[in-house]
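This structure is in structure tokens; I'll ask about it shortly.
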Amino acid sequence: MDPTQRKTSDKIVNPLRHKIHEIIFEADTPAGKAFDIILLWLIGISVAVVMLESVPRINKEYQSLFTIIEWVVTILFTIEYCLRIYSVYRPFVYIFSFYGIVDLLSILPTFLSLFLPGTQYLVTIRALRLLRVFRILKLSNYTSQGNVLLSALRASRTKITVFMMAVMTIVVIMGSAMYLIEGTDPETKFTSIPISIYWAIVTLTTVGYGDISPTTELGQFLSSILMILGYAIIAVPTGIVSSEISKADVVEEEEINTTSCPSCSRYGHDSDATFCKYCGHSL
Amino acid sequence: MDPTQRKTSDKIVNPLRHKIHEIIFEADTPAGKAFDIILLWLIGISVAVVMLESVPRINKEYQSLFTIIEWVVTILFTIEYCLRIYSVYRPFVYIFSFYGIVDLLSILPTFLSLFLPGTQYLVTIRALRLLRVFRILKLSNYTSQGNVLLSALRASRTKITVFMMAVMTIVVIMGSAMYLIEGTDPETKFTSIPISIYWAIVTLTTVGYGDISPTTELGQFLSSILMILGYAIIAVPTGIVSSEISKADVVEEEEINTTSCPSCSRYGHDSDATFCKYCGHSL
Amino acid sequence: MDPTQRKTSDKIVNPLRHKIHEIIFEADTPAGKAFDIILLWLIGISVAVVMLESVPRINKEYQSLFTIIEWVVTILFTIEYCLRIYSVYRPFVYIFSFYGIVDLLSILPTFLSLFLPGTQYLVTIRALRLLRVFRILKLSNYTSQGNVLLSALRASRTKITVFMMAVMTIVVIMGSAMYLIEGTDPETKFTSIPISIYWAIVTLTTVGYGDISPTTELGQFLSSILMILGYAIIAVPTGIVSSEISKADVVEEEEINTTSCPSCSRYGHDSDATFCKYCGHSL
Amino acid sequence: MDPTQRKTSDKIVNPLRHKIHEIIFEADTPAGKAFDIILLWLIGISVAVVMLESVPRINKEYQSLFTIIEWVVTILFTIEYCLRIYSVYRPFVYIFSFYGIVDLLSILPTFLSLFLPGTQYLVTIRALRLLRVFRILKLSNYTSQGNVLLSALRASRTKITVFMMAVMTIVVIMGSAMYLIEGTDPETKFTSIPISIYWAIVTLTTVGYGDISPTTELGQFLSSILMILGYAIIAVPTGIVSSEISKADVVEEEEINTTSCPSCSRYGHDSDATFCKYCGHSL
């Protein structure tokens, strides 16, 4: 029995299960939409509570309130998670899907915090659940724009891999060189190669904390080269993605405006055209 | 009575009001242009005075001079604001327009400073009034170039929203992770999740103040990943805007060599069109 | 008498002056090329000497050597400057040209240093003279590539002006807001609005020294917004220049490959084509 | 005797040498692939060992283990290097090729460390050997994408040279100016022109360590200009590379749907060509 058949038969055989599925997984019915909006509010509140909980000054005052909210939200999410598994047609596909794993990870930390204090902060992973907002918006615009970005990134995947390997090699070699140059000074902060590689990454990406910075003349010369290199090669990923987005955009747009003239069969008409611009025939 | 009719009748009925409108709102007549240039100078002087007033060393010496200038300019701006409301044909449209609000906000702080000391610094919002300079320049070039930029940004609005949500999610999750990793050290500066999120933003945007920086090995490893991520994804908004500016430029250029249809007089034909795409008439 | 005529007549009347002009201003003859190469070496040595002179440790040891080199080079440059004025056909055009001013500025500081100590460091402006290297290279490639860059920047001039005004307005308003928020703390480093604007520029451009950084929660929140803004709008100038370089490149290339087919008169042949790709006629 | 002939004859005359070549230099046979995978693991382990060795805490505990691994790997690499020279058809071409030099440099430091302590850290240059991974992947995709990047960089070589010279000139002049402005303060960190140039590079590239930052008002004003300049001109290399990658991509794509001329068998025809552009034969 294939899923769509099962779905149809389920609708008759088990109307409750079907109803739950409709509310939880879809956002087309008023109930489904209301459910999703409540869900987003709960996620938002819960993430905010965890953030505030970590601020000692605020936590001191509202600790009990925060604990209550946290547990109420977690129990609601646990019920929701169980209902999702119950109502979905292929439970394992859901459980191992991106959203399934995120849903599980967003309830586990609270339970874990009973045994391991501190782990409750992991519930900020719930922030990922906010991505569900796109389902409510249901704006094909957002989805298609997101797809343009994703397909641009996917198309430049191999280029970015090649680029990242080059960056890694530069960083390892420059880090080691700096360790050799700066590491002899007993006051140095370049205490090991991994730390020096960390410094090289901080420099190449132009972040530049300044927690570690060269003090010898040769070290400053070498880091100047690294900076200019970083400044020049930041152009590469930008160039890659720019080029891909341009292409992805063109494809998207071209696919939208494809009416062919019934008389001369030529393409390329604007979406507001009512006559063929080549032969004058009405479109 | 529609506005244009009212305008014409007003010219006859109330010539003073019409004259004030011409001077204050338009920059085509010599009087109007002179008014706008004086206005810009006053804005510039006033912003400079507020800046200098905040420097203790300078303020000590010239305090009374600064107070006088500040009040003279504010009174002139108040008169101007009243005249604008008096002379404009639709006062409420002006009051709630962007410039109307800016005009009001640039006089309020000085009056407020009588009751709440410190608020006088808010008058730097007057800097926004400097945008009026574009009206004087009246260079269609500047306006059209500004439009290219604005339309490029508007066209990439949804892409940028999607991108910003991704950035926010990364920043919340990375900030929380860093709080867990670095927060156990009693000397740490990652004292709460909001502070850690602030750090994550400082890092991802490659600003890198260094007021907060990781000290544990795991923390340094995680922030290296965040930096490289920031370095890679800075490419995305750049790519988006590059691509849109290219397109906006093309559109702008295409519209420059347009021909209007001799039959329906509409614009917007492609340069390779031989028939009007709206009415089918040969071009 | 027009300049070219004068030049020809000069060649006969004043062969020495003509010879000097050929050596100093041109790089086609062996003597002219040798002169330019010696000149570049002198400039390089002189800039290096000034740099080293400023390092106390090195200066202590070699001070007299540095003074001698500096004066020898300056006297040579002074002679060269006089010869340039003597030999050039239109002295005032040269004196007020970019290179003429640079040439003068690169000898003045040494003489000035006799009266005002410290000014000798200004001779690093001689570094600008190194731009003469392009004349020796005489690689039309470099010149044309430089022109592509310059014309791209020139074409985006108005867009960049509009963008810069927007940046300035953001920076003034954000700086003032931060002064209001952070300035109340007696320990603050936001001691005045100009300093706060400096901080806003450091942040918006993602430089992030960390010499001044927000300490209040509201201040950190506001600077997070400023950073993300800076991260997003860095895309704008990049997009502008990318788009212009693409266009400038296309123009340059199109102008290079424009042989029309003698048979079908169509364009668009590659530079390595020997037959028309549309009709097969030999080009 | 040309190499391919020699290769064939070698296969018969010296089967062992031929077999070694196949295993070491090629990755098509199972033995060759296994060899390359083991090689990559050895490189990775070796680089990791050198990194960990530099961390005092870890080195204290595992020093003897690290020394053993290091020597085992070095001896294996030395054997491999000798075998490569023995089996390759043109030893000198290999020795002076990029990989040949890297292979030599990755064994030398360990031997050198017997005489000069500290030099063993130079073996991180082995990281360059990891680039061999591309040979295993044998994904023409990666190679062609890498070529797109390389050809984009090569095509923008002259533009980048011109740009870099401009950056250098800005940095030298700004550094000297800052030395003049800030250097008078006895507490200053702008102690010499080279240090000030280092600061100018740190600022222009938006790295911004904050180890050196301006303290005078004029210095802060000047560095604000430098930052905005850096912010604006970062657009230039990005624009250059973006534009080149777009073009390189187009070329690559066009070359994918090439047809070879039936008469002269040459490639590189445009997709709209109906006649061979080299010999005029119909395609």
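Details
Order as written gives the chain letters A, B, C and D; numbering starts at 1 within each chain.
What we mean here is this: a contact is a pair of C-beta atoms (placed from the backbone, for glycine too) under 8 Å apart; a residue touches a chain by one contact, two chains touch by 3 or more.
Quantities reported herein were computed from a predicted structural model and do not represent experimental measurements.
Both chain C and chain D derive from one sequence, and where they touch, under half of the residue numbers involved are common to the two copies.
Put simply, the chain farthest from chain D by mean CA position is B. Once the centre of each chain is set as its mean CA position, chain B and chain C turn out to be 31 Å apart.
Distance from the chain A centre to the chain B centre is 29 Å, each centre being the mean of its Cα atoms.
Taking each chain's centre as the mean of its C-alpha atoms, chain B lies 43 Å from chain D. Looking at chain A, residues 194, 197, 206-210, 234, 238, 240, 242-243, 246 sit in touch with two or more other chains. Against chain D, in their complex, chain B makes its touches with residues 206-210, 238, 242. Considering their complex, residues 158-159, 161-163, 165, 168-169, 172-173, 175-176, 179-180, 183-184, 191-194, 197, 203, 206-210, 213, 217, 220-221, 223-224, 227-228, 230-232, 234-236, 238-240, 242-243, 246-247, 268-270, 272-282 of chain D touch chain C.
Interface of chain C with chain D (complex): residues 47, 50-56, 118, 121-122, 124-125, 127-128, 130-131, 133, 139, 141-142, 145-146, 148-149, 152-153, 160, 164, 167, 194-195, 197-198, 201-202, 204-211, 234, 237-238, 240-246, 249, 269-270, 272-282.
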